[in-house]
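Supplied in structure tokens, the structure appears directly below.
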Amino acid sequence: MPVNEEFKPTIVAFCCNWCSYAGADLSGTNRLQYPANVKIIRIPCSCRLNPMFILRAFQRGADGVILCGCHPGDCHYTTGNYYARRRMTLLFSMLDFLGIERERTRVEWVSAAEGAKFAATMNEFSATIHKLGPNRRLEDLRCRKD
Amino acid sequence: MQRVGVFVCWCGSNIAATVDVEKVAEVLAKEPGVVFSTNYQYMCSQAGQEMIQESIRKYNLTGVVICSCSPRMHENTFRKTCEKAGLNPYMVEIANIREQCSWIHKDKDTATEKAIILGRAAIAKVHLNAPLTAGTSPVKKRALVIGGGIAGIQTALDIADAGFDVDIVEKEPTIGGKMTQIDKTFPTLDCAACILTPKMVDAAQNERIHIYSYSEVSSVRGFVGNFKVTIKKKARFVDETKCTGCGLCTEKCPQKKVPNLFNLGLDNRRAIYIPFAQAVPKVATIDADYCTMLKSGKCGVCSKVCTAGAIDYQQKDAFIEQEYGAIVVATGFNPIKLDKYDEFAYSQSPDVVTSLEFERLMNAAGPTGGTLLRPSDGQHPHTIVFVQCVGSRCDDSKGKPYCSKICCMYTAKHAMLCREKYPDTDVYVFYIDVRTPGKNFDEFYRRAVEEYGVHYVKGMVGKVVPENGKLKVQASDLIGNQQLHIDADMVVLAAAIEPDKSARPLATMLTASMDTNDFFTEAHPKLRPVESPTAGIFLSGACQGPKDIPETVAQASAAAAKVIGLLNKDHLICNPCTATPDEMMCNGCSSCEKVCPYGAITYIDKEFRGPNRTTLIRRVAQVNPAVCQGCGACTVACPSGAMDLKGFSNKQIMAEVDAICR
Amino acid sequence: MIDTIKRISGVNPRKCMKCGKCTASCPAFDRMQFHPHQFVDMVENGRIDELMNSEGIDFCLSCFACVERCPRNVEPAKVIEAVRLAVIRQQGGAHLTPDEIPALLDDELPQQAITAAFRKYRK
Amino acid sequence: MQERLKQKAIELLQNGTADRILGWKAGEFFYDLTPAVFTSKEQIEKDFVFNVFAGANLSKYLIAESRKGGKVAAFIKPCDSYSFQQLLKEHRILRDNVYVVGVQCDGMCDVAKLGCEGILGVQEDGESLTVDTLYGKKTVKKADAIADRCATCKSKKIVVFDELIGEQGEETEADRFGEVAKLEAMTPEERFDFWRGELSRCIRCNACRNVCPACSCEKCVFDNANSGVRNKAAADSFEENMFHIIRAFHVTGRCTDCGECSRVCPQNIPLHLLNRKLIKDINELYGPYQAGADMDTKPPLTNFTVDDCEPSIVHERGGQ
Amino acid sequence: MTYSYFPGCTLKTKGKDLDIWGRASAEALGFTLEELPDWQCCGAVYPMARDEIATKLSSVRALMAAGEKGQALVTLCSACHHVIKRVNNDLRTDEAIRDKVARYLKLETPYAGETDVLHYLEVLRDKIGFDKLKEKVVNPLTGRKIGAYYGCMLLRPAQEMGFDDPENPTILEDFIRAIGAEPVIYARRNECCGGYCTIKDKGFATKQVDAIMDNAKACGAEELITACPLCLYNLKENATEGLPVAYFTELLAEALGVKEAAK
């Protein structure tokens, strides 16, 4: 990537349908801004997020992936986010273990009432990814380029 | 390959002002499989919908992508539109280019570019959509109402009236709620008990209504039409079926020093009690915290005097399982605690009271028999100061951010009643704003000022100093630009109201969402005000937000109407986006079963053909689509990827990922 | 000037809901021409000059009753302090000179009072 | 030991306990033992082998063998028994059709650690090994040749069996996580370089997957057109990582840490470290859990507590 | 336990009784107040303006000096406590102020409010415990009806001071109970005494003090205690007909028997 070209990270936000997608809608309704490079994919519940989807996103060029779901205890399906929480913890830990920047992945609980939190989270996450620069390591892991 | 039609909505200027809708339609037209792409001012309008339908017929569309507002707004609208044109409703995908694009971006190029990507993702997904047909599930024709205040009672009566069985679960020993403690109601000044107690009796006598008093909901499973609820009947140490409500025990009990919570601790009752004369059910309850028999095993007076033999010291909490088609939440409100606002000296002087305490002091059944007397010395007060907005309308760090809505009116009522009954009293009301929207409300307030001579002062009280039997009130009069110093006999605080503490754990059980103040959120603030976003959960009364009695009753009946509409159906259309296992790949490992919150997954041993005419018996998962709610937990728990979710399949989500990251 | 006041005070006057609890709490009410809620309102509406020239802006006792009791967390005391500072900085307008001090002192007066007086009344 | 096993195998066939025996026979090289099914006394006498190179985990084969009708007897070492029980827990093996002969194990050897070339044969002789090479005989201490995974063996206990040959063992106190901890202590850059060095050697032979008892899906996601990650051979570098990451994640909470993946890797990639990292995390974050140790404990990924740590712990727990 | 101690200007001169008996009692209670070397006056008034940096520096120096010793900073004078606690809070929460201070003081690592600021009373309540204090009392002040006068500085703004409930504080009452006397609760104990105006407008100060005294008397107080030299001066000098006023440390020393021993 040429240094002079402005880096526009690609960020995929998986949002559960009941809380976080509604929270994202609310931040829109309240006209709270966050960067356009955040694109939301609606899933029924945070527990629907297969780790493979995250890897796929990185494979296809995402620079950051964030999962937003209902707050623990408030899952529309009662327990989904608890499973998601464990799964994501272990996945993030493993990516960290492989030397992938741990800031590239994140989980945030956003309720349907937290439009402001959604926007703030996305601004913050986007800034973090911007600081990290493009995601290279996952791609570089195998091929020695030096 | 699907034949996809793309419809880009302007939403007037809501989208079109920041997204170049024409360009979006143009670019998306070039996506693979797109045979038609257009834009229009209001896709959700009659004309817009007709345009979609025409295009489906004309271009033989097999998939439709609508770039518009959030799917939470109009996904159903557009699904129905397409269904009428012969397209399976699940062949429709929405790209959310309003809430998640035009409304959050200012730069038109950026927003347009993003809208195109969101459109692409939807197109990529719709290519992998499959027509889905919803199944049905039966509806249990019984409703549960949680909370037996005026809201719960009204809802239950209306539902029962329509011919359905209703259970009311009330945590107190009697139904009636806060309204039982209120003396008179605004703006008519009729007696609260006179209009409430007949309704309580109606509820008790209605053969379709069953009241679980002194009970709580302890667990909720299931889903709309098929809730399975466990109700905990707390031990009241009195056999309800035997107790006649004669009240002898409540007179003979030697433990006399129990704060009477019905009168907010302004007087005492016995350890065995009936909250008030018109209680429903009129059954005694033993307060285990104070009963000497329960605490030390010595006494037993109530048991001796009870001719019905109703006292049962061995009684234990009982658990009842019941099935319901719908659940109504009517958990109501409470005034907040005032220890954070001691500039008003609430904890320092008994003559500083809350408005609800003032109701009891005015009430004929209250601690003073209806004569207004100061709690400190039993003297008749001559100067009374009312303070509005105590803990309401605050910065988050200082109290509740919302207006409690009912205080302006009940304070006008209190002030008016004081002046009417005791013309020798001086009454001051310190207000920030007087808020009286409602039928005959402002007229009522004006009467308090004009006819009854209540001193309304625009300003606030800063400090109350109890001294020599007086309450020295220091306040501002903003219109008169002066600081007032009033020697008052009583100060009445209009405490903010907040949702009952039982609401939060209940919301978790019901998976019904709440706002940051613990009020239940409605499915739509304007169009679906009595439904929770969780299907089958309805909201009645102040659990949804501060409300006065007429509004509560109106909402209670509205919730009942919604419940009746639901219970009238024999079957509910299920969500067709359910999990579905690929039997060929299923390992039968039980991982999916373990994470399913609905018990929708079972296993069967199934015979499969192997190579060379052999057969193989394998254990494979089965999903009951009527029970599956489509969360997708199983799909990720499945190690082999045999489990997939219709409507949100692995391939569909990955196609969206690919389109976004492209 | 409005912006200066807002900046150095860190107060957003728009948070005020005009309840008057600050003024109701103020012990120095009688000594001030304008009262705490008016300070907030006048800053919001640009009546800074009037404020700066008013009686008693140096009389705020910094007791923080208005700050503590404001339901909206507006912190009127900070506005008053900012206006007072603006006066001192702009006009060099000290309310107290060292010459005046000895006349005011008695034997028991704590140093604190003098230090405070200097801090509050001059620059 | 080999003779006792042979005798037992013959006995089980003859007394009708089983009609097939799952054991080992020599592969291409004598130290390259591979699983084999025997149906007759003659076959057993001729081919059955058991020695310090019988590392192969037989449990996975029982998924298919237990469904073939009739009864199969299998020799199961302690670490195999964990895999066996894990597969039972997942309803993969039909227990009724298997007769399990637990075999005491004192650790298997790694031929590379003998430090000899031109090896013709090895004799086990108590605590030492006599290696017969092209260049003569040599004696090696068994302890020096023990395979890495056996040096940090988690348990000598056979958790499920119908009968035992040798002694029942106990869970050990061995520290399996030393290497993982060493990696954890590195900076992300160092870890990244480490893994880049290791994973860049992968040739995608699928040996790790094929040998893994947890990787026993009816159809592997990498072979499944609908999974979205199907690939026979890696099309790009990224898919290579995906393969190992996804594989490690798929076996999370199910991997018994038998170490077969690393044993069979022709490129000597320490794949087991990925699994061990996850096991370590699970133990630390959700309480000790050993896959296959029992039939009842809920696997960590299909379980939760309401006060589980948040994923942000990965950022917060510090370290490098 | 040893704490860094910031006496402040007044405690070295007019407010000696607050200081002397505070230190003596500390020894009796088993903690040491180690006076900061070269402390400078805190300024007596907290500079509220966000662009006032220089006036905050002396507090920062004191805070850093305590921090270097790894000790919490204890104060006795209400005004010092108020100023230092709030400056510390500024440095903890306001990045702009933190950076400016670092530039003024040429700090390599900015000071970010790491030092704990404790009032002497907080040490008694949270570190020693009033129960423990009660055990050490040798001359319980039985039968004395004492009103606590809090004033403004200790309590407000509560969000920053975190000292006690600003409208219904109990720490001094608990203290009074611990030394064996009977606390008298009166509403004006947290109302301003007008001390800052005592130089400018004696009449005003008198009006404030009289209201406080009247309220305390009406509620049955026979004497008052305070932690603020200026309040003490004001309550004593400007009251029309006042109650006796003492520093709380004086009574503490009396109850602990320290005062007697000193005689």
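Which chain is which? They are A, B, C, D and E, in the order written, and residues in each are numbered from 1.
Please note the rule applied: a contact is a pair of C-beta atoms (placed from the backbone, for glycine too) under 8 Å apart; a residue touches a chain by one contact, two chains touch by 3 or more.
Keep in mind the model is a prediction, meaning the values are calculated, not measured.
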Message: Leaving chain B out, what are the touching components among the remaining chains?
response: A, D | C, E
Query: Is the C-beta contact count larger for B-E or for B-C?
result: B-C
Field: Chain separated most widely from chain D, comparing mean CA positions
entry: C
Message: Could you work out how far the Cα centre of chain C sits from that of chain D, in whole Å?
response: 78
Field: Geometric centre distance via CA averages, chain E-chain D, whole Å
entry: 69
Task: Compute the distance, rounded to whole Å, between the mean C-alpha positions of chain A and chain E.
output: 50
Message: Centroid of chain A to centroid of chain B, CA atoms only: how many Å?
response: 31
- request: List, in ascending order, every residue of chain B touching at least 2 other chains.
  value: 343, 397, 463, 595, 637, 650, 654
Numbers and ranges of chain A residues touching at least 2 other chains: 51-52, 56, 73, 79, 83, 87
Task: Find every residue in chain C that makes contact with two or more other chains and list them.
output: 30, 65
Query: Okay, what are all the chain pairs that touch?
result: A-B, A-D, B-C, B-D, B-E, C-E
- prompt: Touching chain B in the complex: which residues of chain D?
  reply: 67, 90-92, 214, 216-221, 224, 226-228, 250-251, 254, 298-299, 301-303
Field: chain E to chain C touching residues, read off their complex
entry: 8-10, 13-15, 41, 43-52, 55, 77, 79, 152, 155-158, 166-167, 191-192, 194-201, 204, 208, 229-230, 233, 236-237
- line: So, in the complex, the side of chain C touching chain E is made of residues 7-10, 27-28, 30-31, 59, 61-65, 67-68, 75, 77-78, 81-82, 85, 96, 104, 106, 108-117, 119-121
Query: Taking the complex as given, what residues does chain B use to touch chain E?
result: 339-343, 345, 347-348, 397, 463-468
Query: Which residues of chain B touch chain D in the complex?
result: 582, 584-591, 594-595, 603, 616-619, 637, 639-642, 644, 649-651, 654
